[in-house]
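Quick heads-up: structures coming right below.
In what comes next, subunit A is part of two complexes: it sits with subunit B in the first one and with subunit C in the second one.
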Partner chain A sequence: MTFLRVIQWVVWKDLISEMRSRETLSSMLFFALIVILVFSFSFAMDQDAAQQLIAGIIWVSFAFTGIIGLGKSFSAELQNDALEYLQMSPTPKGAIYLGKMLGNLLFMLVVEVMLFPLFVLFFNLNIVEEIGLLLLIFLLATLGLSAVGTLFSALTVQIRAREVMLPVLLLPLAIPVMIAAVESTRGALNAQPLTLYFHWIELLTIFDVIFTVVSFWLFELILDS
Partner chain B sequence: MMNRIIRRIQRFKGWFGAAAAFCIFYGLYLGLFDSPPDYYQGEVVRIMYVHVPLAHTSLMAYASLFLGSLWYLWKRDPLVDNMCQAAAGLTVIFTALSLITGAIWAKPTWNTWWTWDPKLISFAILLLIASGYLMLRTFVEDPDKEGRYAAVLAIVGGIDLPIIYFSAEWWRSLHQPLSISMRGVSMTGDILLPLSIMSLGLNLLFLYMLMVRTQMLYLTNLLQAKKGRLLSQVHLTQTSS
Partner chain C sequence: MAIQTFHLSKSFGNYRIFEDLSFEIPTGECFALFGSNGAGKTTLLRILATLVRPTSGSFTVLGHDGVTEKESVRQVTMFLAHGSHLYDDLDAQENLRFAMAMRGQYPSHRALKVALDQVSLGAFSDMKTRNFSAGMKRRLALAKVILAQPQVLLLDEPYNALDEGGVQVTNQIIREVTQRAGMVFMTTHDREKAHLVAHRTGLLNRGLLTFSHTDQHPAHDIS
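Showing the complex of A and B:
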């Protein structure tokens, strides 16, 4: 199989099994709903305070929800020893990485797009003009989380205490993504001029490129049995 | 058969320890008694003679962990893996100490123990990454996988640290500018001398501790392997007789 076909098959496989079980998406969605509810109870906010805080709240819930999806991405492969077949398959490991990474990106983006209207509703946001830009920020930041997260999901699934170790290893490394995502989302939500937060979008892009390449190369060492 | 490098460490590590002790005591004497108090910071500045060298040494420790991990992935030498494990433990110690001494200095100077400054953020995250590294190692059963996974984490962390630093610097900056920069030194000799001697001393101390710990880890693994071999031999003779 060619490289691109492998990527396509891995994404397709993940999509099919998700369509049949609906495990990952539904658990992510419900978890995120609970996070939103907890946040809206914890802070009694007027609209000014919401404008300041909402970007942080959005990204904390997206990151935690993303970790659930990332963890499931490889722990699902433990059933029927599917992970060993992935390890033994003669296909390039980098292609498996890219397929898994795109699948995770897709799941996380779907959840984010479904959740965002709820934030708008609960926290009374105005987003009329900046919606395209916001989607771009979501895409870039989620790509960054997914690039590092897929690598560490494949790593932690093969060790003890995997549910604890994934966030413990991933979140410190994802700090630049979180800072840049929060700052640019805040800029876009408050309708600031683009030049004020454009450097954060650049940082997200740089992070995405570096860590997709690095994880692509290192993935072979993780999936080697 | 013991490794040649381990034997060499056994022979020479004492010199490093002695040199480190000499530099640290001499540097502390110079810093605490011989140098003048700072014009603005007064006597508080003296903790800098410990804090700055500690911070340098923790970066040096992570740098050796990073380079060692690359080397391990390339050559797969178990001794290098032991060295990485030793370096990670030392990174945790030195980073924690530099954060603590920094907080003690910051309280009288900035009037706060902690602030969200790029250097503080980067060091706190360095501490998290190095502790995560040690945790990861305890959770992997297979020793070959343990070395590989740990090396992957150390490499990703090493690439990430500069990005964390720059993003934190864009986020907010308060730290005083570096006193030793490309444009020349902005301190006088009676401060610079104890500072560099302490820096040298702590780096030597790091090398000494690295050697001792590497040797210890290597010998522990060797002992485990020998024990396993002996036990299996005993088992074989028992079952055959």
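Showing the complex of A and C:
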């Protein structure tokens, strides 16, 4: 029970802080809007190329936007040495990890839900029939990014060059998630039969489980080191 | 015994902070540690708070091993450090509720109000701590101690940034902890204020710790 309450409190704290400062969401949205505008102008003349590349464009935008949010996730804990208090708290550190991870997942999903209609509009995508499946793919892939990203955000927060180190460490590990996300999104956007790309969705689910479980166990070591 | 250390040593690279510290502090005692800047006072405190590992040696807090039973030590200990451990975008009451939740404690609205009133922050309970002065942040940290009621209280420079009223509140809290058979270990440069509450004092100098009893609390007063 205490475990669940700690998760709730960490999510609550991050949401309240973000609602008041709007620091993370605004910087994520601003970056993502620029990316969409640049890509939409780049492919304005060649709609066929855009259709071929759109899944990759979507996930490049989502991943880099997510990294901005993940980078800010633990830097907020450095204010007034609040991270020290979490380290000393007698609560299960895994609960703190899950709270931070869910908060990051929520921020990333909010940004994705706000951005995706712009992709539909700018790249003239037909998503009506596959919208449910696309949302599931977004949820699974974002969960994978958030699971491993939260761990690396904690790992790099006390490093001087943390803005550089977070993507350098995170992106290579997130490549399997990115590839599976791009392939399954491409399948859904091109209205292919589900059997042709279902294995990518299965792969996303497996990565989510592995990343979440491993990060959950490693978090205490990282927080205590 | 509240704290026992056995041949405790700490080095950062080739720089030896202190070596072979063995001492005991009983329950019911307030111990004040003095020493010049860089003497290792804060490092010793951070080791006792389980934030830093000793290079060698061991210590126990209320019988729990400080290296292998960290979680048990953290259950009974509270550490007020240089940083206030507050979140600037939360108000005073929200900060207290979150801090207590991280210790598995869920105080009532009334208990929060009483704690805030006790540190003279009742009128600022809805104010974001971003707008608090350093002294107000210190007082809010003291409100956490009132709510958490730790058995072992570790204080790093507790009188910093506090006005006369804040010093009185701090000393009142220290007395309450020791009177309920808890233990307070503080580091400070302010000998005058520390002598008002400390039963024993120590001086950490060049890695060596020497003890003395205060005039206010001669040796036989220590329980």
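Just so we're on the same page, the second predicted complex is superposed on the first by the 218 of 225 C-alpha atoms of A that agree within 3 Å, B and C clash if a C-alpha of one lies under 4 Å from a C-alpha of the other, contacts with A are read in each partner's own complex, and residues count from 1 in each chain.
The criterion applied here is as follows: contacts are C-beta pairs under 8 Å (C-beta built on N, C-alpha and C of every residue); 3 or more make two chains touch, one makes a residue touch a chain.
Bear in mind that the values here come from a model prediction, so they are computed numbers and not experimental data.
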Looking at A:F31 after the superposition, I want to know if it touches subunit B, subunit C, both of them or none. Which is it: first, second, both, neither? neither
Once chain A of both complexes is superposed, is A:F122 in touch with subunit B (first), subunit C (second), both, or neither? neither
Now for A:E183: first (subunit B), second (subunit C), both, or neither, which partner does it touch? first
Quick check for you: in the superposed arrangement, does A:S21 touch first (subunit B), second (subunit C), both or neither? second
Examine A:V148 and indicate which partner it touches, taking first as subunit B and second as subunit C; both and neither are also allowed. first
Going by the contact rule set out at the top, does A:K13 touch subunit B (first), subunit C (second), both, or neither? second
Which of the two partners, first being subunit B and second being subunit C, lies in contact with A:I175: first, second, both, or neither? first
Classify the contacts of A:L203 with the two partner chains as first (subunit B alone), second (subunit C alone), both, or neither. first
Answer with first, second, both or neither: which of subunit B and subunit C does A:L221 touch in the superposed model? first
From the superposed pair, tell me which subunit A residues show up as contacts to subunit B and also as contacts to subunit C. 224
Contacting residues of subunit A [partner subunit B, same complex]: 148, 151, 155, 158-161, 165, 168-169, 172-173, 175-176, 179-180, 183, 199-200, 203, 206-207, 210-211, 214-215, 218, 221-222, 224
Residues on subunit C engaged by subunit A in the complex (per definition of touch): 49-51, 70-71, 74-75, 77, 79, 81-90, 94, 97-99, 101-104, 106, 128, 137
Under the touch definition given earlier, write down the residues of subunit B that touch subunit A in their complex. 73, 121, 125, 128-129, 132, 135-136, 139-141, 145, 148-149, 151-153, 155-157, 159-160, 163-164, 166-168, 170-171
Contact set on subunit A toward subunit C in their complex: 2, 5-6, 9, 12-13, 16-17, 20-21, 76, 79-82, 84-91, 96, 224
